[in-house]
Amino acid sequence: MNRDSRATVVFNRTGLILSRSGWTLGVWLLLLALLIWYANLIPRFGEFQITSISKNSLPLVYLALGQAVIVIAGGIDLSLGALLLLSNAIAARFMADQPLGAVVVIALLLIGLIACLNGMTGYVIRLSGVPDIVVTLATSYIWSGLALWILPSPGGGTAPEFRWLFTGSESGIGGTYVLPVLMMIIPATVVFLLSRRTRLGLSMYAVGSDSNIASLAGLGVTRAKVASYALGGALAALAGLATVAITGTGDPRFSVGANATLNSVAAVVLGGIALTGGTGLVLGVVAAGMILIMLNPILSAMGINPNNAQILQGVLIAIVMMIGGLAALIRERQT
Amino acid sequence: ALPMAAEEHTHDEEMPEGGFVIGVSNTLVGNGWREQMICAIKAEATASGMVDEVIVVNRNGGPTEQIADLEGLISQGVDAIILNPTDREGLNAVIEAAIAQGIVVVAVDQAVTAEGAYVATNDQTAYARLGAEWLFETLGGSGKVVEMRGIDGVPADTDRHNGFMEALANYPDIEVVASTFTGWDPSTGAQQALDLITTQEIDGIWTSGIDYPVVEQFQVADKPFVPIVGADNNGFVAQLLDLADEGLVGAAVTNPPAIGAVGTSIAIDALLGNNPPHETILTPKVFATDNTDGLNAIYAPDEQVGWSTYVDIEPFTHYNGSADVSACKAPGE
Amino acid sequence: MNRPSPLLTITGVAKAYGSVVALEAVDMTVRHHEIHALLGANGAGKSTLVRILAGVHPADRGTLVVAGKTANFRTPVEAMRGGIATVFQDPALIRDLTIAQNLRLSQTNPDTFAQWLDEFDLGSLDRDRMVRNLPLDILRLVDLARALALNPKILLLDEITAALTADQAEKLFELLDRLKSDGCSVVLITHRLAEVMRICDTATILRDGRNVAELEVGGITQQELVHAMLGSPVDLAPDTPAGIATPTTADAEAVFAVEELASGETVRQVSFAVRRGEVLGLVALEGQGQERVFDILCGERRPSSGRILIDGSPCRFLSPADAVRQGVVLIPGDRLQALLPSLPVYQNLVVTLITRIRQWLGLPADERARAANAIDSLSIDTRAAAQVRRLSGGNQQKVAIGRWLVSGFRTLLCFDPTRGIDIQTKGEIYALLRKLAADGAAVLLYTSELAEIPLVCDRVLVMHNGLIVDEQVAARATEASLLTAAHGLV
Amino acid sequence: MVDSAAAATTVRARLAAKARANPSVALGGVCLLLVLVTGSIEPEYLSLNGARSSLLQAAPLGILAGAQTILMLTGGIDLSVTMIATGSAYVAASQSSHGAAVAILMGVAVGLVVGAANGIGVAVFRVNPLIMTLAMSGIMLGTFTAWTQTILRGSTVVAPFIKELAAGSFLGNRLPYSVVVWAAISLILIWLLRRTGWGRLLYAVGDNETAVRLAGVRTWQVRIAAYIAAGILGSIAGILLAGRTGAVDLQLANAFLLPSVAAAVIGGTSIFGGVGGYTGTILGALILSVLNSMLTFLNVGQDIQQLVYGTIVLALAWGYAGLANRE
């Protein structure tokens, strides 16, 4: 009897976790299915492909994690792509021909700097009462301008060991998959634990869910907001560093940043985080980011021409979201 | 020095006779020039008779996305890759990895510095220099001109700006009264042109390819035309022909997307073991309003305004002019 | 002079929200070992005072002295450290998190919390449940237990009993008595004067942002309390008292009826009919399926079986729009569901007039007159009419009712329309419901205040566990008879 | 000393109060200030020609921002509106051989269809508008890229009538027709928002959809109509743009996406719905157009341009929020 009830508890608990993280699981399964499909489409699927997929997804995964944290705390950041540009530009400009030690110092400083910059953005949003989307739209111009000013044309570089750290190879290609996979798992886990297991993380959920209630409950709304933007900024800086590691150069083009921002929002939504804030797990976002990066090569391997691939990608996102919407509707009607 | 790849090839003695698979990587969707480039690649592949399949990957993105696409093409086992690179150096590692696997890699439109890669580009410095020289000459060596550039920080724009400045150095009496960035965007360029021609005395305009919207603004503002330099856009060529009576003087400088076909032709040559030169740089041609026959020859009345009219590039291309390119058919399609 | 100094002294506290003056100047003294009632009509400023004491908003003027020390709380945390714990008028729990996570956020000791919760037999409540899935009464008790876990010197309770069932309230009162003897003072806000009479020692009465009286509860009657609150004596019964169902209503045809309505496990078998000119009451303990019944009747949800009949002919509601077109309209329990908070009162009232595409390109010619009529007949206080969110709760409730007066209806579904409403407004609402019925409407009224039943209804149904278990004639129904039935003891 | 300081504060307070009571006046002041700054950079700008050129630019932007305004009032947004504009322009241009009327109708049909699809996605399937329209923009880009090589192949020179409508002027070449089109659309929009049931429902749905649904309104109809209206406005803006540039390619309206949102926001429309109006948006569009001209005349690199643009947009939004929140 005692055993029984414990079993029920465990069962209920599993059911609870499943129902609450169902979307996250679903996205990971979708990624898995796509990869298996892909592996069967191409002549050989081995370490090269695994490394390729994991390292190439890094920048978007970082950016999407950052966006996820900000969205969970009730914001949205259209400047993340521009911050990626800025980080990429500064890194490439100042890391070129530097020894590893200096490169690491620059990387750490850069993460701190951009975290501060974006934390400031979060503070301005609280202070001014201007909606997040507007403030970050404006700052996206400012950061892109700054990136272009620092690195007027593509170029610069970084230390080979630094490239190895993110890509598993000093040349940026064909290395071991262990490092890129670790570089994906570690930050994702850290962000996940931070968001679910610490008070600061939970207060981000709280503020995103209802900032009035959060302040009634005695939480620092401004602190949570600023922290979410700072964390998002730090992750955008990391994305810029990953970019410099993968490409070995800096590229200050506005369009690259804008494109990255839109992808990060798409990954967040696909990853199961509602743009209304306060809900969702950041882990789904990792798979969603990988899907968005890999979809193009996969569709091409399926023999789909790029225009149709473009259409298909849009349709896929829309349909996934429609299924989500319908599911919510049906749940509401039934329970 | 020949790269390792050549060595690998030597031990399958008999050279392949065709049946190639060509991968194409592009990172700008919906851009007319790039679309025409892809069509030129397909048309040349078809015309060559040596290619079985052209696999195109295309999306909006930067070097990171392009690396993912290139590695995808490598995984698919293509024989050659033609890419319009997003970065001069950032793709080198993956390009060199492809070459190491025996894949022929041709960078078109923009150069890459990867060892062993083939490069086929239009000479952007010359593009600007030739056009600017024509303009300054037409103005009699003195006057106020506007430089309408592309996107700040993009290598092609930097090269063109350098070419423009080279030409300018020889004409001390030419004054650049304004220098704008159109972002290669027609509506932005149109607005800037309108702002400038309605407020300033201007004797000539050099554009980095946003040309027909600028000509259009003279009509909007109801101002007399000034000499203008543009690219070989069909719409601009049509204006040069049609508006000559109304006093339009101008020059179209070629910047052919058929560079994609050139790259294809080089790739096939390389696959056949013909060892083509690693660098091919096309020097632009200038078609000015005083050369009506030349303009008429490149004008393609059935094509869209953004169509680059200069499609046949001897000795590289084998298709049958604009019609084949515009059909945009890869082998087997 | 060895009388101990008071625990809390408030002097001259004032607060304005923009142009709305919520508190003009309030003085109040809470002594040690007392339960202090804070009374006043809707909008008198009670919750505003609570928010100031709790450190949510700063006061514009005035001083707070807590246990002899001048306090200047800038954040809720500072107030908590100063010994003040608060249960606000609306749950202060994050809906998207679990209870455990909410506790974590507020750094509540889970064991102490569990002990307090157990006072209400909720010790086994699953901490991993999402707050959004919990019923309101549980949420209020969670809020309370969380506040108590702070071990406060002063406990502020803003209308906590409004959402509690009778036995929960009873347990609460026992608990408050014990707290009092343990040295904690309580400030209790409620609109139920019986509760004040039952457990409070002292009452401070606010009217229009000023304290108008401080009374020892021991020596006075409810009528005197009401008089102090409103400044004039008020008759607690409505103008047109409901009698035993008059022959006319008994014979009148059923305007609206349901037959064997069911929805999953929640609603198992519900049949009844509301006649023209009748107010039909419905009572139930918390969570017996009454919410679901209302959801189905208003078209928000579809039943798993059963029929809805209007004038005897069956009809299906796919959405509230269908119901509204048949004249079946809802005043929801949560008034936020019926209001456009940032729009003016006027827009809120006339929104019911444009429900069809063919009305999109114009505006009804008589809408101004209709809206003015509704404002008049409900005497809505329009001083803060530019944004409904700035109205007091009672006036908001009136707007929620008023929008149906503007468009007209045949069947009115009211879900607890007097929750959190002051006594005068309550009387007005009773009278209004009677009048609407007298004018030919059919009214279905769910209420959590059993004392209302004989005042407004003709008949009353009692629901228990998804079934209608009893029907009584309202005039003869007593709280005891209704409660017995509501517990399923018939 | 103290007195004058006090006087200064009261004056400022009174000014602030006035600005709050009538935000359009404050925005108009900002616009005027920008015009003067631009004029100080390029004196010729302060002429009839300068004004005409700014208005010509503001017209399509203002119309696109009108689309965003309608949607933002309901708590929505349309990131596909510039793709709709481009697509409509493309269709109109390629159908120009059939005459201007057919071309315009076909163009507007694009906005209608895409708008309806967006609306169904958002209103019926409850997809977040940001994502729905982002996906739609990708779908359209792919579709039109494919179509330019197939069914839409051929000339994209626009019909003379459209050209005249978009770029021509009358009254001695002073008043552009496109500004007249914009003015007409503005009047219709303002009328719709202020004087019709649909306009009222837009605000209501943006404020609290549940309350509107419980009031008996089929809110999905309101939303779908809003997306269709936005699509049609996008089409009109696209066709005007096509007329301006004389011919069309697939990048035609790209540059207007973020400014169309910014113009509505600067004009005081809340991105969360329920608050705002088109009058402010008109001024927002004018401000951004003047700002663009200013950047052209500044003759600086794109880095500095982006810095200036971002800073001014932020300052304007902040200033406006400061006014609105001070109560």
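Odds and ends about this structure:
As written, the chains take the letters A, B, C and D, and residue 1 is the first residue of each chain.
Simple rule for what comes next: a contact is a pair of C-beta atoms (placed from the backbone, for glycine too) under 8 Å apart; a residue touches a chain by one contact, two chains touch by 3 or more.
These figures come from a predicted structure and were not determined experimentally.
The set of chains touching chain A and also touching chain C is given as D. A straight line joining the Cα centres of chain B and chain C is 72 Å long. The mean-CA centres of chain A and chain D are about 31 angstrom from one another, to the nearest whole unit.
Inter-chain spacing, taken between the CA centroids of chain A and chain B, is 35 Å. Of all residues in chain D, those that touch two or more other chains are 141-142, 145, 301-303, 305.
With touch defined as above, chain C holds no residue shared between interfaces to two or more other chains. Residue positions 29, 151-153 of chain B are each in touch with at least two other chains.
Chains touching one another, given as pairs, are A-B, A-C, A-D, B-D, C-D.
Those residues of chain C lying in contact with chain A across their complex are 54, 56, 75-77, 80, 88, 90-97, 101-102, 104-107, 128, 264, 301-302.
Interface of chain B with chain D (complex): residues 29-32, 35, 39, 151-153, 178-181, 183-188, 190-192, 194-196, 198-200, 212-213, 215-216, 219-222, 235, 238, 301-306, 326, 328. Put simply, chain B touches chain A in their complex at residues 26, 29, 55-65, 67-69, 71-77, 86-94, 96-97, 151-155, 158. Note for the complex: chain D touches chain A at residues 121, 125-128, 130-132, 134-139, 141-143, 145-146, 258, 261-262, 265, 270-272, 301-311, 313-314, 317-318, 320-322, 324-325.
Taken together, the chain A residues at the contact with chain C in this complex read 13, 16, 199, 202-203, 205-206, 208-210, 213-220, 278-279, 333-334.
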